[in-house]
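The structure appears below as structure tokens.
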Amino acid sequence: MQYSQDFKTAAIALCNAGKFIDSKGWVPATSGNFSARLPDGTIAITTSGKHKGHLQVEDIMLIDHDANSLDGKKSSAETGLHTTLYKRYPTIQAILHPHSINAILVSKIFGDVIVLENYELLKAMHSITTHETRITVPIFANDQDIPRLAHVVDQYLDTVNDCYGYIIAGHGLYTWGESILEALRHLEALDYLFDCELRLHGVRKP
Amino acid sequence: MQYSQDFKTAAIALCNAGKFIDSKGWVPATSGNFSARLPDGTIAITTSGKHKGHLQVEDIMLIDHDANSLDGKKSSAETGLHTTLYKRYPTIQAILHPHSINAILVSKIFGDVIVLENYELLKAMHSITTHETRITVPIFANDQDIPRLAHVVDQYLDTVNDCYGYIIAGHGLYTWGESILEALRHLEALDYLFDCELRLHGVRKP
Amino acid sequence: MQYSQDFKTAAIALCNAGKFIDSKGWVPATSGNFSARLPDGTIAITTSGKHKGHLQVEDIMLIDHDANSLDGKKSSAETGLHTTLYKRYPTIQAILHPHSINAILVSKIFGDVIVLENYELLKAMHSITTHETRITVPIFANDQDIPRLAHVVDQYLDTVNDCYGYIIAGHGLYTWGESILEALRHLEALDYLFDCELRLHGVRKP
Amino acid sequence: MQYSQDFKTAAIALCNAGKFIDSKGWVPATSGNFSARLPDGTIAITTSGKHKGHLQVEDIMLIDHDANSLDGKKSSAETGLHTTLYKRYPTIQAILHPHSINAILVSKIFGDVIVLENYELLKAMHSITTHETRITVPIFANDQDIPRLAHVVDQYLDTVNDCYGYIIAGHGLYTWGESILEALRHLEALDYLFDCELRLHGVRKP
């Protein structure tokens, strides 16, 4: 198959995102998957089973907006979670799904949601301009039935105005943005804020 | 605009400081800002919205001592916190403002100040020559109104002889020095001492 | 001695595995050892006393399936633990034994076994396809008498169907796979899951 | 001054040791100092005030066994702690003094000594061949009067057979070996064992 220049640019950016994300320890073993929407509406997405810290361009495949493979490669089982988000949010162009331990621990310790408020770093989130705000990151039960899980997520998102990411319990985080850079910024900020909350619950007051 | 050699030297040093500070995880997303005062009294400072671990010389701008842009670039909202410090302390030549998690946690756990005493590493602070001393790092409430926050800081600094840095709650640390190297030394030492204090409160005695 | 191409390929892969494992802090000082079975049934294994993060090809030696040196080099005292596993499991081709602190702590805190369940990352283990499962990692008392320890391990393995690794108390983890890559995937996943369990026991619920 | 080849070799090895030790975060700011004894009994040692992660050969100086400068450079205030150890132990050829947070925390939590026993990694210590042993690392009060502190250490060492290192409270670790490599192995092992002990005291049993 002849890939477009847009695809190649996105594929290289996803490989580089993988190197960065792995350097943080957020995609152990072959976990995680990443995608970017191209200008024509097709989607570049990581294939299944590769270590996300050592991605090559050939580890990125092309799908349509219904998750059908356009190049004969086999996509991750979780591709449907990506396409559902792209359909809902026309302006987002990238989705990142790492398996950071902080997201796992948040899902084991905080019930259905984690609320983040009064942190300067909230200003890293799209269109937030003050720390005097709060964001809610929902936590969903894990499910190997991806269409069913995608439906649960979608139903939740119907009920909220702004959402920057969600956690699947015992599994990992989904976050997104209007570019790969913005999605990375959201990821770095959310993991930092999860870390703050977890460490606050582990430290005794003097 | 034609930049001076002093500006270029300071800009490269700020970019390198950013790489080091990011390698420690202290400037997640696009947080933080850094500056250096030039011999003619103008100030090189990071522009807004760039990742501080990947700074290029063109991400550094020039302002005067009242925070007015001299090259048409847009400075960070927090520039006024830098110029207030430079006016107060004629000998300091560099200011670093990272968002390390330790500073955040200190601000959530210790009330208005954290007192650091009896550590050998206190000797990393300017003109301290023994561990048998104590330093106080004040903690101020966060505020998006930077002139008001600068005034609160300034009023506090009127009341103390020596100060090596301050924390803005839920936000990050400001520290400074007579050179970028000294400011980096103060930063490394303060974060280490915050880490010691936080971990002491999280570890039970045997 | 003239080494085969298979040996050289395995030796380079073991050196690279060592660099990765050391970058995680899992083989401090000169601890740990790694091996790979070659197509002819002989085994490439790290020699004794070298830092596993700085391995050279000459730090890898060749043994037969009874742990006899085939090239005159001196193997680690723990070689018998490797050959016992290779005899039991004909399909495994690589064994990794690091000394990660998480494995040490698990052995000090959890009694005879640690049970891992309901984590998406369990799918990193060979032939596991859902998080709705559990795996058991046994913990054995440390013993400098390696034949005796190998016998204790072997007797335990007689009683279970699937096993992905075991911990020697106060010592470290043994894990394996059908290739060096699979063994590395098992190692990365197990250490991550140990970390999750340990941190869950150190964090208070909000 | 014309330095010998032995000095140059030792100086390069000390610079490389510094890079490794700094990569672990054990010499923040400009803390720490390292030395190596040369075959003629003179000692190569780091000068004062340099960052130990960025040492150049010119940051290493030459002293005699009474700590007198032989090349006009100014040595660290703590040089007397090095020469006292070299006089006591004729076979040691290297001394490393980092400021790791684990050593600080151990000194704040464990009283006069920390006892390490039943760890496989104890075998990283010179001439230890089994985990069924224990070593004692003494903890001394910090003191800016270095001759007085050296005397306290020396008096303690008169009373014990084997000692692999000591901690100065709120300050850092001293460890040594028959070569720079052995001293690094002792350092890596001791910090790992301190980490184990500290984390065991911070984790609740399930």
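Chains here go by letter, A, B, C and D, matching the order in which they are written, and residues are numbered from 1 within each.
Here, contacts are C-beta pairs under 8 Å (C-beta built on N, C-alpha and C of every residue); 3 or more make two chains touch, one makes a residue touch a chain.
Chains and their UniProt names: A, B, C, D = Methylthioribulose-1-phosphate dehydratase.
Predicted, not measured: the structure shown is a model, and the values here were computed from it.
Interface of chain A with chain B: the two copies contact each other largely through different residue positions, with under half of all numbers used appearing on both sides. Each chain's centre was taken as the mean of its CA atoms, and the one lying most distant from chain B is C.
Averaged C-alpha coordinates give centres for chain B and chain D that are 32 Å from one another.
Chain geometry summary: the mean Cα position of chain A and that of chain D are 45 Å apart.
For chain C, the set of residues that touch two or more other chains comprises 202.
Taken as a graph of touching chains, this assembly forms a single closed ring in which every chain touches exactly two others. Of all possible chain pairs, the ones that touch are A-B, A-C, B-D, C-D. Looking at the complex, you find that chain C touches chain A at residues 118-121, 124, 129-132, 185-186, 188-189, 191-192, 195-196, 199-200, 202-206.
Across the interface of their complex, chain D is touched by residues 28-31, 51, 99, 101, 104-105, 108-110, 142, 144, 168, 170-172, 198, 201-202 of chain C.
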